[in-house]
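Each of the two complexes below includes subunit A, the first together with subunit B, the second together with subunit C.
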Partner chain A sequence: MKRYIVNSRAACYAAILIVLLVLPQFITPYHVTLMETGLSLAIMALGVNLLLRYTGVLSFGHGAYFAAGAYAVGLLYMYLPDHFTFENAILAALLVSAAISALFGLVCVRHTRVFFSILTLALCMLLFAVLEKAYHYTGGSDGIRIPIPLFFGHEFEGMRRFQFLCGPYYYIVVGIFAAASLVMLAIVNSPFGKILQATRDNELRAEMIGIRVKRYRLYAFIISGIFSGLSGGVWSFVNGHITPEICNWVFSGEVVYMVLLGGFMIFEGPIVGAVAFTYLRLYAVATTQYWMLIIGATLIFLVLALPGGITGGIQSLFNRLKPKRA
Partner chain B sequence: MGLIYALNGLYFAAFLFLTSLGLNIILGVMGILNLAHGSLYAVGGFMAAYLIGLMAQSSLPVMLLVSVLGAVAVAGLVGFVLETTLIKHMYRRALEYQLLITFGILMLIEDLIKLIFGGESRYASAPFDAMGSLDIMGYTYSVYFLFVMAVAVAAGLFIWWLMVRTRLGIMLRAIEMDREMAQAMGIPMRSLTIAAFMLGSAFAGLAGALVVPTTPAVMGMGMDPLIMAFIVVVIGGLGSLKGAFLGSIIVGLTRSYTIAYFAELEMPLLFLIAVVILVIRPEGLFGQK
Partner chain C sequence: MLQIQNVQKSFGQFMVISDVSFSVEKNEVVALLGPNGAGKTTMVNLISGHLRPDAGKILLDDRDITTAPAHVRIALGIARNFQITQLFEELSVLDNVRNCIFSTEGRSGRFFKPANAYDGEKTEAMNILETFNLAQFALEPAAGLSEGDKKILDTAMAFALKAKFLLLDEPTSGVATSDKFKVMDTIISAIQKQGTATLIIEHDMDIVAEYTDRVMVLAEGRILADGASSEVMENKEVKETLFGVSD
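For the complex of A and B:
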């Protein structure tokens, strides 16, 4: 029976991957770039959910690690243009976000609950302030332009930005997204993931059976920071331009929103949420100048009426439709 | 010049103290971190600017009194509506929902302000100009800044009196210490939590109303003060009046002196101080574990 479930899940993933791969044939180029945004943000949402769902702490400052990844790419282009290839950029994003999340994490993991949230938020704004004020090094609020990179020696010569994004880059994003999702799935189901859940359920008990709670929380923090950094790195090419705004706490709040929109109790929830949020935001901005009103009202509705998010709602609908077994 | 920087720092501290006061009350009594606090501050600011604009012909005391009271009343009213419609469902919910609903309220209020007052900036410097300036040891200094400091001290004393000397304050502190026990003792939880949220919102409105004579009311004006108030609360300790007072002075003076000498470092340094204090004393200067 278990084997059957595992196989059906694998089949489901394979089907989704195939759908994602053939999608550009059916949607407009503009929507292809939107999907790229959604999928790259999904990587970050998965990282935030590692902390929220599996470790039991809510970060309101993951924009910092997203920005660390994006700025690693940007600064690599600014200072080492000769080495500006896609693989180097992503490597830089991973390393820089790991370093910064390790540093910030050391302070944050000493706390839980609301204090943890305030601290992650404050540290995020610290990085925001640095990025904005250090005009001579980071371009300040003007940000940094990110051009099309070399990809393992292959040059997309003569290709327009838009062509690059709609064509080859989409498949790169899907590949990275798929790999990141599978890695996260392995992490949460590993013994390490179970230890995190033990620290979440009862910190004292976990400590008593010999788990070093703060150390494991730090590991989880760094992993989720690296996912955010990867997300930022991938996203920076989609957007083509980065500014300190991605390090503002409001962006971090939006990511938490994505996680809840998709449903944080289910592993795939944050992915659904990130893509859904990207579209929701687009339509809200396109229909009215009061788009924040729509996004805010949706969020309030979600919290009050649909706390399980989209996936949680679908699940409870299925449970209701399913015939009761004795 | 040192004196002027100190005065500027104290003015900024006064203003931070007023902003963090309401945040602290709501956090202490209800255990909810109100991300929409800055938006209530903006509501107060826009309301006061609107009223000052209406009363261009009035005398200074009338203008100040009406604009401040109007802003406080409207912010308190918004607080009442928010508590009784949305926040009241949140006390038993998990932290992520509490934070996200206030985040949703923040977005809602930002756009409602745009809808009601229009998106453009509102200038309301009449009270500031009317108060003129004073000669302090050879430097001219605006009287309005001294006025704000006086209001902050008065507000601090008022809250201290309320919390320590009145029945209402004693009941609020009882809720803060032990919700269940307080309820078992027959303390009227519903009306008191509404009162605490209104009080916190009204103080946000007061801070917003006092700032518009010096800087115009603009969209998103509540964002920076919100973050600053967080830093004050983190430094001072959750729910501590003493801590908020000392935290405001530390942040205010630091900001004033860094702006004077290394303007670039202003924000980073403030966050750095907050982080250092938290590493040494995780519960803040006067916080309880």
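For the complex of A and C:
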């Protein structure tokens, strides 16, 4: 029975991957780039949910690690243009976000609940100020342009930016997204993941079975930061331009919104949330200049009527339709 | 094995443990009795590393662990349960016990391979659940257990740490009277197999008489009496303190 469930889950994932891979044949190029945005943000949403769902702390400052990843790419281009390849850029994004999240994490994991959230937010805004004010080093509020990179020595010569995004880059994003999701799935089901959940449920007891709670929380924080950095690195090429805005608390809040929209109780929720949010924002912006109102109203609706988010709603619908076992 | 030497602890102005010394040897099952507020749970917190004493020493196998953090003490073999149950409520009953096993085996930091794929730990956890009569709830979240079963799971978790020295703070409070002896039988027989030294806080005199070799009475932060249970129970001062009668 269990094997059957595992296999049906694997089959589901394989089906989704196939759909993602053939999707560009059926949607407009513009929507392909939107999917890229959604999928790269999904990597970050998974990272944020490692903290929210599995560690029990809510970060309002993950824009900092997203920005760390994106700026690692941007600064690599600015200062070491000869080494500006896709693989170097992603490696830089991973390393820089790991370093920054380790540094900020040391401060944040000493606390939980609202104190943790406030600390993450404060540190995020600190980095925002640095990125914005250090004009000569970071381009300030003008940001940094991100060109098409070399990819393992391969040059996309003569390819225009839009063609690059709609063609090869889409498959790169899908590949990285799929790998990141599987890594995160492995982490939450591993002994480490179970111990994290134990520290979430009962810090005192976790300590009394020999767990160094703060250290585990720090590990989770760094992993979550690295996922955000990867997300920022991948996204920077989609957007083609980065500004300090991605380090603002507004963006950090949007990611929390994505997680809630998709449903934080279910592993796949944040992925659904990130893609859904990307489209929701697009249609809200296209419909009215008061688009923030639509986003806000949706959030209120979510919290009141659908606390489990989209995936939670679908799950309870399934549970209701499923014939009850005696 | 465990030695407590002139330990003191106060909370602000209030002296909870004024000067306590005792030792517990291998294979020994010792009961710690005392009226409410005598400092019994504080004693457990001091030994398990949840609190630090203001003065005095705590030794385990002649090693000074007075200031050692909790995770070091657990690695050295001190485990405890909780009077007020402390579980990982959202995790399954199996995961509650298995996490303890991962922790003692130093596997709690392992990534990637799913927890379910560690067959040895799973079998061991299931055996412990079997022993404690909880196997049928293995896959249920711990939050769904009855209060009595939660208490038993709490003890099973302490037991899963494979301790040399086990601290049991009222292991049968909240357990149905009809099950109390069954639970204690399980705990004591498992302990004896491993040669574990045990300190039990218990209010039920029938259980104290049945299962413990030695009784200590703690009152107002001091050890009032220490000896074989029949002896201690005849002590006039003990009778007054514990039962409020002078004869």
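We adopt the following convention: the second predicted complex is superposed on the first by the 326 of 326 C-alpha atoms of A that agree within 3 Å, B and C clash if a C-alpha of one lies under 4 Å from a C-alpha of the other, contacts with A are read in each partner's own complex, and residues count from 1 in each chain.
Convention: a contact is a pair of C-beta atoms (placed from the backbone, for glycine too) under 8 Å apart; a residue touches a chain by one contact, two chains touch by 3 or more.
Everything quoted here is computed from the prediction, not taken from an experiment.
Legend: residue contacts after superposition of the two complexes on their common chain; A:G210 is shown touching subunit C, with no touch to subunit B.
In the superposition on chain A, A:Q197 makes contact with subunit C only, not with subunit B.
Shared-chain residue A:S117: touches subunit B; no touch with subunit C. In the overlay built on the shared chain, the residue A:I187 is in contact with subunit C alone; subunit B does not reach it. Of the two partner chains placed by superposition, only subunit B is touched by A:G253; subunit C is not. Number of subunit A residues touched is higher for B, counting subunit B against subunit C. In the superposed pair of complexes, A:A179 makes contact with neither subunit B nor subunit C.
Look at A:M292: by the touch rule set out above, it reaches subunit B but stays clear of subunit C.
Remark: subunit A residues 183, 186-187, 189-195, 197-198, 200-202, 204-212, 216, 219 touch subunit C in the complex.
Interface of subunit C with subunit A (complex): residues 48, 50, 70-71, 74-75, 79-80, 82, 86-91, 95-96, 98-100, 102-104, 107-116, 118, 157, 161.
Partner subunit A is touched in their complex by these residues of subunit B: 27, 31, 33, 35, 86, 89, 93, 95-97, 99-101, 103-108, 110-112, 114-115, 223, 227, 230-231, 233-234, 238, 264-268, 271-272, 274-275, 278-279, 282. The residues of subunit A lying in touch with subunit B in their complex are 52, 58, 60, 107, 110-111, 113-115, 117-119, 121-123, 125-126, 129-130, 132-134, 249-250, 253, 256-257, 260, 264, 289-293, 295-300, 302-304, 307.
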